[in-house]
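Next come two complexes, and both contain chain A; in the first it sits with chain B, in the second with chain C.
For the complex of A and B:
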């Protein structure tokens, strides 16, 4: 199959999602589900003495956020089947109780590679998350593999 | 100066690796007794890293750090050493359908050397393609020992080398820190820069070395 697509779709926003305020309970439950023992994420009083001056969410907390549209309406297709190729997460400002987060989603990259089983096409969906102050919280790159 | 060099590994610049270069160097410093390497060559997938400057890390860790590329052709994956601007203008390294014969010929003419890697692998290894395509001209060597190969894939390479008289080299193909240096290449001459590496790879005087730990199977005496 020829690897051909309209490159103008790269960087186009296909979803913007505003989330309700993050609660302390959201953070504590997430930390508990992970089995976290770090007091920065689990103990409000101890976290107040820590580097962030209060409770913060573990960096992977943002992966629980789901955009309204997980994929673009006109997602390119390069094969018959698709599967999850994993996520890369880069954290910036920590998430705190009361934060109001916004996620903006784009098609960041599309590329082809070859492996033992033949050609694979990677679509990288980028989710950029900011808080109510406009600070960058995290960038999550979600890879979808097609073949 | 370096004699023992891992000629094939990927840093976090490759899409499928998460290994920072300094983490590789720290690991090699810890594992010096098991993997006595003097240098590494970063071979990022489908690209050449023109920007990173590793001289400070070379000084800090006493290791030679060179850069090359792993590109994709109709004969499988090929490592390109001695990458320069002429090659980057002539070839789109992100194209997974590069013509292997053109690559080998023209890279040689531009001062580099293109050498097939993991030739025993299905689909992306040279051996499978030699079964239904004519052999490539101008191949000086192949990666006879690849640390990422599955059982049987490295073993298939001996016959290829015997048949075509290729030089043999080794590399870890590490994508994870702990895999760096599990396979490498020992050179007869010291290598201090990319030009010397290309010259040595073309002329010979090197061999693949396997540093993988062989564990003795547990005996069941019951």
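For the complex of A and C:
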């Protein structure tokens, strides 16, 4: 398949989602599901004495936020098979109970890599998360691999 | 809370490994908690209908467990970046080993870089990654 696509799709916003307020329970359950033992994520009283002055979510909590549209309508297809190639997460400020988060999603990049088994195509979807104070919370790049 | 200060971290330090049996129940519970209640992450038969050999663990679960590796090593380390590559599907019920070490320190920023990975009993690295952490300092 030829590696050809309309470059104007890069950087275009394909989804904006506003989430209901994050609850203490959301954070505690997520931390528990990972088996976390860090008191900053699991113990409200201990966390109050910590650097954030209260409970915060583990950094990968933001990966549980689902955009309304997981992928853009005009998502290019370069191969028959697609799989989750990986994530890169940058964390700026922690998620706390009561936060009202917003996520904006774009196609950040598309590139090709050629290896022994042929060509693989990478589509990088970028999710930028902010909170009710307009602070940048996290940027998550999701690499989808097609071949 | 256990705290490891920047001054006490050395390049080459190993993060205490986490060895666990990744059960189907653990994966299902994570998937349901994380809003990923899809057959491929919860049910063998449903996953086979999607062409998979059986139910798999979501990539973000592996990523979350690698973040936990850092958080258990040093609960006071602030993870500022974590990047993971999912090299192979992770099929429960299997033993997994979460491993990592400090590769670099930055004396001005009080940060450290780590290599982190998840491997199976045969040492195959199913998930690989790196993380950057900001560390508390005794000088502050």
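By definition in this document, the second predicted complex is superposed on the first by the 147 of 147 C-alpha atoms of A that agree within 3 Å, B and C clash if a C-alpha of one lies under 4 Å from a C-alpha of the other, contacts with A are read in each partner's own complex, and residues count from 1 in each chain.
The working rule: contacts are C-beta pairs under 8 Å (C-beta built on N, C-alpha and C of every residue); 3 or more make two chains touch, one makes a residue touch a chain.
Please read these numbers as outputs of a predicted model, since none were measured by experiment.
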Report task. Name the contact category of A:20: first (chain B only), second (chain C only), both, or neither. Result -> neither
Query raised in the report: When the two structures are laid over each other on chain A, which of chain B and chain C touches more residues of chain A?
Result: C
Query raised in the report: Is A:58 in contact with chain B, with chain C, with both, or with neither (first, second, both, neither)?
Result: second
Query raised in the report: Which partner does A:134 contact after superposing on A: first (chain B), second (chain C), both, neither?
Result: neither
Query raised in the report: Touch check for A:122: first (chain B), second (chain C), both, or neither?
Result: first
Report task. For A:29, select first, second, both or neither according to whether it touches chain B, chain C, the two together, or no partner. Result -> second
Requested in this report: Using the superposition on chain A described above, determine whether A:114 touches chain B (first), chain C (second), both, or neither.
Outcome: first
Report summary line: Per the touch rule above, chain A residues touching chain C in the complex are 29-30, 32-41, 46, 49-51, 58-60, 63-64, 66, 83-92, 143
Report task. Note which residues of chain C are touching chain A in the complex, please. Result -> 1, 20, 26, 29-30, 33-36, 58-61, 63-65, 67-68, 71-72, 75-76, 78-86, 129, 136
Query raised in the report: Any idea which chain A residues touch chain B in the complex?
Result: 3, 111-119, 122
Query raised in the report: For chain B, which residues count as touching chain A in their complex?
Result: 15, 45-46, 72, 77, 94, 96, 121-124
